[in-house]
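Next, two complexes with subunit A in common: one pairs it with subunit B, the other with subunit C.
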Partner chain A sequence: MGDRSTGRSWFSVMLPAIPVLAVGLSACGSGAGSSGVPSATPSPLCAGVNTPPGHTNGVASVSGGASSLSGAGGTFVAPMMSIWSAAYNTSDHVQVAYQSVGSGAGIAQVQAATVDFGESDAFMTDSDIAKAKGPVVQTPLVQAPVVVAYNLPEITSGLHFDGETVGKIFAGQITTWNDPAIKKLNPNVNVPNLPIAVVHRSDGSGTTFIFSDFLTKESPTWVSALGGKDKSVGKTIAWPVGIGGKGNEGVSAAVGQNSGGIGYLELSYAVAQNLTYADVKNKAGSFIQPCVKTAANATAGITDYPPDLRIDVVDVSTDADAYPITGLTWALVYQKQTDAAKAAALVNFFNYVLTKGQDVAATADYTPLGADLQKLCVGQLRKITLNGTPVAA
Partner chain B sequence: MSPASAGGIAAIERHPLPIALRGERRRLGDSVFGAAVALTGGVVLLVLAAMVVFLVLQGLPAMRHYGFFSSITSQRWAPSEASATLSTPNPYGIVQFIYGTVLTSLIGMVIAVPLAVGAALVITDVAPRRLRRPLSSLVDLLAAVPSVVYGFWGLFALIPAIRPVVDFITSTLGTVPVIGVPFGGPFFGVSYFTAGLVLAIMILPIIAAVCREVFRSTPRNEKEAAVALGATRWEMIRIAVLPRARSGIVGASLIGLGRAVGETIAVTMVIGNAVLHINPSIFDQGATMSSVIANEFTEATEPFHLESLFVVGFWLLIVALVVNMLARVVVRRGVSL
Partner chain C sequence: MTDVALPAARFRQRPALRRRRTKNAVMTALLLVAVALALGALAWVLVYVGIRGFSVISPSFLTHNPPGNPAAPGGGFFNGIAGSLIVVGIATGIAVPLGVGAAIYVVEYGRGRLRGAIRFFNDVLIGIPTIVTGAFVYAVWVTRFGFSGFAGSIALAVVMLPLVARTTEEMLRLVPTELREGSLALGATRSQTVLRICLPTALPGIITGGMLAVARAMGETAPLLLTVLGNDLFTQLNPLHRMETLSLQIFSNAVTGYEQAQARGWAGALTLIAIVLILTAVARFFGRRVQVENV
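So, the complex of A and B:
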């Protein structure tokens, strides 16, 4: 072949694959998340330990329950559900297999009756229930705040935002951080002259539902940019601008990677990624840091719960210490059960979730249900029947 | 077809089934083998046909409701604006996804093909002999990396690495009127360009591996003849290796293109998933046909949403088939050159 003599000189010039690999090795150390700075000192509202609610008002345990249950639903509640199912398996030896497939898929699986229970961040509407095989009992399981996380390396304390400003940012009408609207809310902060990288969910999401619900209630600009209130709230939004991240993880990665990034996340993901998040103005006019305590206040003062508990609590409370972007997440169970063992297991499991399960919620940065609401949820369990008679005693 | 191989087929046809001609009894093994092969081959065709029928059937409600071609004449995808009764305008336009698929694949090809050809030449003709085998297996190893790993790597390693370069481009070339529009900023990491770059790195080993085999098949005596005539290494490659390999390189590239067009998870992770419309800059966010399906099918709860995702799947299949057929035409023409 005659290529031995000149091989080396060519070799050094023409090996294109090696530099490509080298880029990977050298850049590996600078991943996302490293730029996130934890929120500065917690506001007095969030300081101190979270006292477990210690509810004892559950129903009596029903005997003869099945040893396994299957459920499907939102990813929002999945980390909480895995804690509940592990603890419940240890204490009561019942396996709860939860598929975190998304709220829409959870509702679809309830309608097809392929799971024992469903879960969704938006309750089933009348038209959803019409497609199901019978009446559905819906009960909130837990409350959770959605935070507005941002990545501005020099600003470690919570920026102040109101709904209209956040709405303008996500509608693409505020594009730099030193916009007068942001400066006006944060007179003492030196906001940098950086372009805003808007990050939203690319997949349908209950988190999006809660966040867009808040924007729709607080930001006329958001509503008009999206073309009306029927289009400005939902699990999917026709986002005018921004990066779509898949899942809470995708959003936190994109925010963490971009100086100037802003996105909305469930609190537990923002805490896990060490992202800084904003204090948001509530109905009473105060800027509130999101945490378990302030999210719990989001249902404070609500008394007019409908009998089926299908209520929108986002930005409703007028409590001075309530974090406004707080939503509920629902369990969906057929009211008329046909299998005695499954019916007993369902009532027992959700009874655990609504009583002892509420005590462990705060450890995963979820918010236990308020006392008033929790009582009503236990009442929902009593509506589940087997051959016409209530399962719970 | 080259004259030689055409002659070969003709020769076989003149003497069909020599075993049968000799009057011997056909063995049981032959008929079992024949039937088994026919069955497996038939299953492949059946699966393909069933897939097309399935996609059309699933997408049919949306196609009927909005009209067959309305999705490929609109570039606005807004499921939240869909209603069960309104049929115009179609909120499920997919031109921006076709654009995203084509653009990212194109960026991938432009970067990967020269690199892959170079890498293959290094392995076959340039690198010191003792390095060729390890290099060769390294390339094969790269081809086996799962795509989700490429996506992860793209997100956490590649984006920080290219950011200074892209920031420089957007702040210089990107500010020029008209020609600067496709290079405009600001750059937020995930973009058409990033997706193209990740695709390039994914398809590079595949193209390089095929090219390597193609270059290896160059007759040794032709290479030696070129060197004997006083050709340098480069001239030897230019005279003896590359002309014969042209159709092989094209074929290899099209195999790579096939993977790039359908690649889903890695692209979904780095393209930014802006589904609403086409963004003009390659440094802006976009979406491809496969990325929108991967993102939205789990929560496709709006009216005609899931059906429209099947429509996207149908057109993706069409695009893939067109790319493949184009590949055949190009390869055939390449051979006759």
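So, the complex of A and C:
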């Protein structure tokens, strides 16, 4: 009997090490993910200092706010949100806990009312809101480019891609890197004869929404391969080819680890992982490098925002210097708040994000909202009510 | 000895003996290889995590929270360490009394069908993947009361409960029947026998089992993803709010892709292993001490 209990405890001692080992391996994997290849040399459009917008048009601070807030949503905005919440805690002593669970999960948590606010790079549709516990105020927080990143060790400058070519790659109709379609766009680049490894998101993702929205607008092949426009755009896609990665983190790691890999991710993740990414052809026909400035150009011409700010800005600009795959990311907050302290804290925090928070966006490779849109977003905060009266003065 | 005395018999036995010796050598070698593989894997994990972790870990790692910018160096996992201790502490407070109680019932009082059912369901509970436990707590608790450290404690308590119940049951079974009979013969009641004789005798084993369950819970990540959710940047000591735990923090830092965050993840892994080893060592120490005092 003594021997038996010794055997049992030996096994049990080993048990706790198992999850640690698993985490260790995944960390090892993504560490190897940094290819070390420098990103494309900045195009003149992206060079120079990004001037902080310096907005001062926020709402007056609401007193009696809670000392902590709970949020969850898109991985797209997670690095930015982390910087915001740390800075906001320093200045206003409110702890905003944000977990990057993906836009789909962010919307689901809002519907289940398990968080104080949600976040998504695809706004909640009417049918999404119908599943929620009341009307939802949606306000854009920041914008950013979705880049087409790839892992071709020999190629350190941005390849040129157009929507149709990217659409064919992700539809599985272009399978090698030296395909004539890619060569035609990059006549001066010696593209290797490597199979293409497509990487897409495995979770419900706003980044997927922005990317598939672009493909649907630019690539007839993509639309027909997916079986129509209702199936070719969304937070989840029935991918014809490729492997799935969870979150922007997962996609960037998978692209970094697979020679010949290609995937789509938010710019700051590609920068952090040293991934090379493509210059994408815009509506004006020029190949544009994604960066803070070219993403700003993508929304600069928009003036007719709808009152609920649910607008699709992907690939709408005709500006010659606009990066086409640029998307907004929305905060999702219940309009009819019931807890005075939470309501005040929510208004105060998003007021910070929309004013001072915009000034730090470019330091993390995010693009501040344009002045017109920012003004409307502050207006959205005024719609949040507590027992029928607006929270913001 | 017999070899010398009976050369004829020795001659006859030789082929069979040689076969047995060869078999013995092969089996011993196989067992040694198995031991080497098992210990080698453990040593590999410890050494590798140690090397990666030691280059980052420092006193300030244990007393500071992560920086807001995930790409920035420095900072630490204080919030996760504190959160893990609180969440696991509460889970232990729930699981140990319930588990010990269930085991006492099964061994000392239970009979027939109910006892069989408890043992069966306990075994089933041990086998449930912990992510399912997390999903269950999400459905019944989080959807009503939101994400919180306490929700994580409930999930971990469900993970720990069957382990505690099982080890306690095994230990109580090891208590000689003569001790119980002696106690009852001297006029002690059933409950006095259980509380004064059986439990103290089995205590070292129960403590060890409980500590192993605690160690297991410290490393659990899956059930916490759906219940505690995490609180990356801030120290939150109130279990009714969202908290960070060390396991969640290792996971979220490891998958980011930021080199500095991954370095913090390794240091966190080292911290977690250290905490688990310390807890195990403490359990062994107390287990031995209690045993000596009883004898």
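Operating definition for what follows: the second predicted complex is superposed on the first by the 356 of 393 C-alpha atoms of A that agree within 3 Å, B and C clash if a C-alpha of one lies under 4 Å from a C-alpha of the other, contacts with A are read in each partner's own complex, and residues count from 1 in each chain.
Just so we're on the same page, contacts are C-beta pairs under 8 Å (C-beta built on N, C-alpha and C of every residue); 3 or more make two chains touch, one makes a residue touch a chain.
Since we're looking at a predicted model, the values are computed, not measured.
Chemist: Of the partners subunit B and subunit C, which touch A:Ala130 in the superposed model: first, second, both, neither?
Modeler: Once the two structures are laid over each other on A, A:Ala130 reaches no partner at all.
Chemist: Per the contact definition in the header, classify A:Ala112: touching subunit B only (first), subunit C only (second), both, or neither.
Modeler: Only subunit C is touched by A:Ala112; subunit B is not.
Chemist: Could you look at A:Gln273 and tell me whether it touches subunit B, subunit C, both or neither (first, second, both, neither)?
Modeler: Once the two structures are laid over each other on A, A:Gln273 reaches subunit C alone.
Chemist: Does the superposition put A:Val49 against subunit B (first), subunit C (second), both, or neither?
Modeler: The answer is neither, since A:Val49 touches no partner chain.
Chemist: For A:Ala393, decide between first (touching subunit B), second (touching subunit C), both and neither.
Modeler: It touches nothing on subunit B or subunit C.
Chemist: After lining up the shared chain so the two structures overlap, which partner does A:Gly234 touch, if you call subunit B first and subunit C second: first, second, both or neither?
Modeler: Only subunit B is touched by A:Gly234; subunit C is not.
Chemist: Is A:Asn89 touching the first partner subunit B, the second partner subunit C, both, or neither of them?
Modeler: In the superposed model, A:Asn89 contacts subunit C only, not subunit B.
Chemist: After the superposition on A, what does A:Ala253 contact: first (subunit B), second (subunit C), both or neither?
Modeler: A:Ala253: touches subunit B and subunit C.
Chemist: Do any residues of subunit A touch both subunit B and subunit C, and if so, which are they?
Modeler: Dual-contact residues (subunit A): 1, 8, 14-17, 20, 23-24, 26-27, 30-31, 101, 246, 250, 253.
Chemist: Under the stated contact criterion, what part of subunit B meets subunit A in this complex?
Modeler: Counting only subunit B, the residues touching subunit A are 77-81, 114-115, 118-119, 121-122, 125-129, 131, 138-139, 142, 153, 155-161, 185-186, 188-190, 201, 204, 208, 220, 223-224, 227, 232-233, 268-269, 272-276, 285, 287, 294-296, 298-302, 305.
Chemist: Which part of subunit C faces subunit A closely enough to touch in the complex?
Modeler: 38, 42, 45, 48-49, 52, 67-71, 142-143, 146-147, 163, 167, 170, 174, 205, 208, 212, 215-216, 218-221, 229-234, 236, 241-242, 247, 250-251, 253-259, 262, 265-266, 269, 272-273, 276, 280
Chemist: Would you tell me which residues of subunit A are touching subunit B in their complex?
Modeler: 1-4, 6-8, 10-11, 14-17, 20, 23-24, 26-28, 30-32, 101-105, 107-108, 195, 197, 202-205, 226-227, 231, 234-246, 250, 253-254, 257-258, 261
Chemist: What residues on subunit A touch subunit C, complex-wise?
Modeler: Residues 1, 5, 8-9, 12-21, 23-24, 26-27, 30-31, 33-34, 68, 70, 72, 79, 82-87, 89, 95, 97-99, 101, 112, 114-115, 246-247, 249-250, 252-253, 256, 269, 272-273, 364 of subunit A touch subunit C in their complex.
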